[in-house]
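Look at the two complexes coming up: subunit A is in both, with subunit B in one and subunit C in the other.
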Partner chain A sequence: MGKKALLTGVVAVAHAVKMADVDVIASYPIRPYTGVMSELARMIADGELDAEMIRAEGEHSQLSIAYGASAAGARTFVGSSGVGVTYAYEVYSPISGARLPVQMMIADRTLDPPGDFGSEHTDALCCRDQGWLMGWAETPQEALDMCLVYYRAGEDPQVSLPQYACQDGYFVSHITGEVAIPDPAQVREFLPPFRPVRVLDPAKPIAVGPQIEPSMGPPLQYQRYLAMQESRRVLTEAYEEFAGIFGRRYAPLVEAFLADDAEVLLVTSGAHTATARNVVQKLRGLGEKIGLLKLRSIRPFPDRELAAACDGAKVVGVLDNDAAFGISGGGGVLYTEVCTALQGGGLGDRELLGFVAGLGGEVISREEFYWMAQVMLDRARRGPVAASGKRESGGDAGLMARENWKKTFWLPFDMEAGEGAA
Partner chain B sequence: MTEATLAEIRSFRRVPLEELYVPGHRTCAGCGPAMIYRLVLKASGRNTILVGPTGCMYVANTSYGCSPWEVPWIHAQITNGGGVGAGIEAAYQVLLRKKKRTGEFPNIIVMAGDGGAADIGLQSLSAAMYRDHDFLYICYDNEAYANTGIQVSPTTPWGAWTTFTPAGPEVPMGHKIWPKDLARMIAAGHPDVKYVATASLAFPLDLLNKVRRGLNTRGAAFVHIQAPCPKGWVFPANMTVDVAKAAVETGMWLLYEISARKHRVTYQPKQRKPVQEYLSMMGRFDHLVPEHIARIQSWADLRCREAGFAPAGSLEQLE
Partner chain C sequence: MSGGDRGVAWAFPRELFEEKGLRQVTVWTRGVVLIKEARDVVTALAGAAAREGKQSQAWENYVDLPDRINVPVKAYARISDRPIESRYIYENEAPDIVVVVEESLVKGNPILDGLRPGGTLVVNTRRRPEEIARFLTPGSGLGLLAVVDAAGIATTEKTLSGQEGASDASGIGGGWAAPLSGAVVRACGLVGLPSLEAVVKAPEAARIGYERTILLELA
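Right, the complex of A and B next:
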């Protein structure tokens, strides 16, 4: 059986990488993800792991090395944070386009400016549409487990896609939590060796990534689309088998908390969920019908699962820990995604609200979550608001206060507007 | 790691007849880089994996989803030939060591143009050379971004016309920066690199053997090959070899190798000709006036002196 230890998120992932018997690792230092590479370097130096670790000269080369190594049949691991993630941007699509199941750990960090070590999901979310699986771990344990699940799902021939295994910088990467380190035999049972269908091998020549003519474009892109669609099923099955082998059961795509009869739901992802869950539980104790949905997977985005979980809710609020300037709706990335998934857009009988918070690595405080909850609960009590700004059920309600039909809020600034604070 | 040694090719009769770069590609008539590709694969043989950063030899060779190589080939971005080659090398090292695969260690060759090697991909090249990965990086140097329509690159000669450096009344010489010396940069700045050479398609035996010596090196090797481009340099398609030869005979392209940090001139013209003879073969230098040509002559003289050649004007002193 495995053993338990107090580990940070980065060290927990290093343990997973070791047990996955990764072959090629490419590193480049940037806070806060760096610790995973220091730990892997130590494991190699101490003879605990046999892997080629290449100290690349930048993130772009980390991903380039992984591209070549994966195409040659190696299981690969890279990682980064913040501007490092965006520096490598060119190589993300070639990796998924060649259907190479590279895994990249991202410990979030703000982009510049400001020069800031703090966590913000903006770095990873910039890359969300590059054909990679993407999801957030809330704890070091989830980070370790996600690493294994992602290798298994990403390397599945029905998927063959790379994976961004994300964790909040500092909140997960640098804070210790109790972690059950699996037994290597369990990992071997769960994660078979990487045996790609096509590899760069002089005995069986192939060409990877030739130029095409435009008429060849639609089917090529459609294959990546289908693979991503198929990954929902493969991820679900992988988490199911994971539960059987390791005894830890995860909702594969969306994790519900006190959501069954909730009239008000907050959608989150990542480490801030811990605070949100605590506040939701307290409000439940006070009789409020509030619940929480944590997105474990952002790519693929769990449209159906989310819609099913939101069925019956009057107000759905979405927490965004990312800056998306000029985006539709004025919230963040997840707000627009949830709006699309729920197809309601705030009109009709369900209201969708967006909350942008915790930028620059600022803690999202309990007070802020209470404020978000109050805004959502107030809206639920007042009933839906039509596009005209008039209540559907209240006849001529007169002019609505502007903030009454405001859909998206930047915290803490919009807290001063009065709504919800009462 | 077990790796077969490739023998020196001592005469043209010993050059492998097998063609691994096969017809059907879409390079221009007289394409220098295409001729180089053919020779490189004759030198390396079937146990080869090619990395092709974006450039002419990506676009013209792989159009419409085809490829003209009988060995594995993978596209790299124009930026990252060094990194992709390094990744393949690392994978083979570890997979063979961990017995996750069997067989021979392959010849891994990156075939990058001058843009991919000396300009936007220089960082990736330099890092891979510094880390001493066991592969051969070849720069086929046609002295411009040719595939995109002849734009200046860091190896474009001083005084050359390109679409980004046209000559005109205000800029009579066209391009007015002296080219980067990539082979010397690699040799001087990367102490672990054991083999660096320059080559010319007009000297095919020399080219074949330099490729083989690079591949036989345990560790990183770099071969810089001048690759005349009829379209970009503006000369008739049947003149590619003559132009390449004139470059060497006038000292505009020098042939040498640096092995185990020892510099050796591998070909030296007995009667070095004036650079004018080379420049006048190409339309890209049509606008130059005698004063410009004198500057280029001085530059060639200096480089020849640095390489251990006798200067023009004292040619009779040679041998």
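Right, the complex of A and C next:
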């Protein structure tokens, strides 16, 4: 049997890495990732973990080391935060292109400027299309579990892709939470040793990452596309087997909370979901038909699952904890993704709203989530906006008021300006 | 919170979000040299609460860190019989208990800001509580002042281990944190003394701190 302990997110991940029996760890310090690195170093020094730990001279080298080690057949682990994540950018596509299941823990940190230790999802989301699985953990427990599930799914021969296992910096990474540390035997059952299809071997030379002719590009990219598509099924199966072995059941791609009969749904990802859930629950208690959908997976993006969960909702709001300047819709990355997943729901039968909040690591307060909920509930009561710009119901239908068209809000500024009210 | 230009107001129903039974502990200390003691107080109290089947969390104020020598820095714990709904409201908004690791912090620092009415202050000092009370802001709503000479019971511990959310290889509660946590238990019974003794490296120091705590009712 496993045991329970109060652990921070960084220590929880270190326990997962230890139980995953990782072979090679490449590291370079940056807050808030640093805690994982020091915990793993301690585990190696204390003889708890038998792994090669290589201190790189920067994140680009850190990822390059993992690239080589994984190609040689090692189970590898790296991690970073903020500008450390972006400094290694060049190496992400080569790793997924070589179909190497490196795992990278990202403890979010705001990109400069200004220098800010605070958490923001922008760092990881910059890398969202590099052929890596990507998802956020809400608690230290989820961080531990996600590490194991991602190795399992990423190393599946049908997927063979690297993974970004993300957690909100300091909210998840530095606050303790109760964690059930699994029994190592259970982990061995769930996650057998990495068995690469091909490895670098002097006896059987292969080339990894060679130059290609343009004609070889389409099939190579298409294979990566297919692998990412296939990862939906593999992730779902992995979470199912995880539940059977460890007794913790996760909705693999989208986690619904009070969503069944909801007219208004808020889509979230990561730590701030906890505060959002609290507000949604209180509003339910007041009789409001509001629910919440947490995206456990961002890559692959759960189009179908999200669309199914939003069926019947009049208003869907999307929380973005990322800055995406000039992006379509004026919200954040997740807003555009949800709009695409729900295809054209912005006009007519369903309204899609975006909320950018918590930038720079600022807490997203209950007041802010309450305000987001009121904006959504207000829109739901007033009825959908027709393509003509006229509302089908409501006293001021026919007025193409600015508020009717305002779809995206930046908090706290729009809240303080009363932009959502009408 | 108001609706602004169209005159529609959405007043935030603060009372709806009251967490009954939640106790918030804020610990003030000085950077680098005494940071472990603050971290150990919140870690020990949260760990003792978990042993009693309570919900708890412990953390350092990330924004205060990385710390510099002697600057005021904070650490927090939350303890409740129920799931903690304010888990990611980063700072304790209304502490029930404030602990001061080094006595001179009572001067010139907003240690009692937001204190819940009737709250408790625990100070590591050799002075009488009446003398400490002279430095406190009037009207803070402080209900109980507890002093303990933690420095006379234990020696402060210094380590670089345990920073940045990592675990502390030197162990928890071997220094001032043990008697200080004992004083917290004595002042407000946040956790049971046996639970505290079970999680600290120096259980005897925790017990002596508990016994030697001097209380002054203010409310």
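Here is the rule we use: the second predicted complex is superposed on the first by the 408 of 422 C-alpha atoms of A that agree within 3 Å, B and C clash if a C-alpha of one lies under 4 Å from a C-alpha of the other, contacts with A are read in each partner's own complex, and residues count from 1 in each chain.
One rule holds in what follows: a residue touches a chain if its C-beta (ideal position, glycine included) is under 8 Å from a C-beta of that chain, and two chains touch if they have at least 3 such contacts.
On a predicted model such as this, the values are computed, not experimentally measured, just so you know.
Contacts of A:171 after superposition: subunit C is touched, whereas subunit B is not reached. When the two complexes are overlaid on their common chain A, residue A:282 makes contact with subunit C while staying clear of subunit B. Contacts of A:42 after superposition: subunit C is touched, whereas subunit B is not reached. After overlaying the two complexes on the shared chain, residue contacts for A:182 are found with neither subunit B nor subunit C.
In the superposition on chain A, contact of A:154 is made with neither subunit B nor subunit C. Those residues of subunit C lying in contact with subunit A across their complex are 1-10, 12-13, 16-17, 43, 46-47, 50, 55-60, 62-63, 66, 85-91, 161, 163-167, 169.
On the side of subunit A, the complex with subunit C involves touching residues 4, 6-11, 14, 31-32, 34-36, 38-39, 42, 46, 117-118, 168, 170-171, 173-178, 271-272, 274-275, 278, 282, 285-286, 363-367, 370-371, 374, 378, 403, 415-422. Of all residues in subunit B, those touching subunit A in their complex are 46-49, 51, 58-59, 62-67, 69-77, 79-80, 82-95, 97-98, 100-101, 103, 106, 123-124, 126-127, 130-131.
The touching residues of subunit A, counted against subunit B in their complex, run 23-24, 26, 50-52, 54-58, 60-61, 63-74, 76, 90-91, 94, 98, 193, 200-213, 216.
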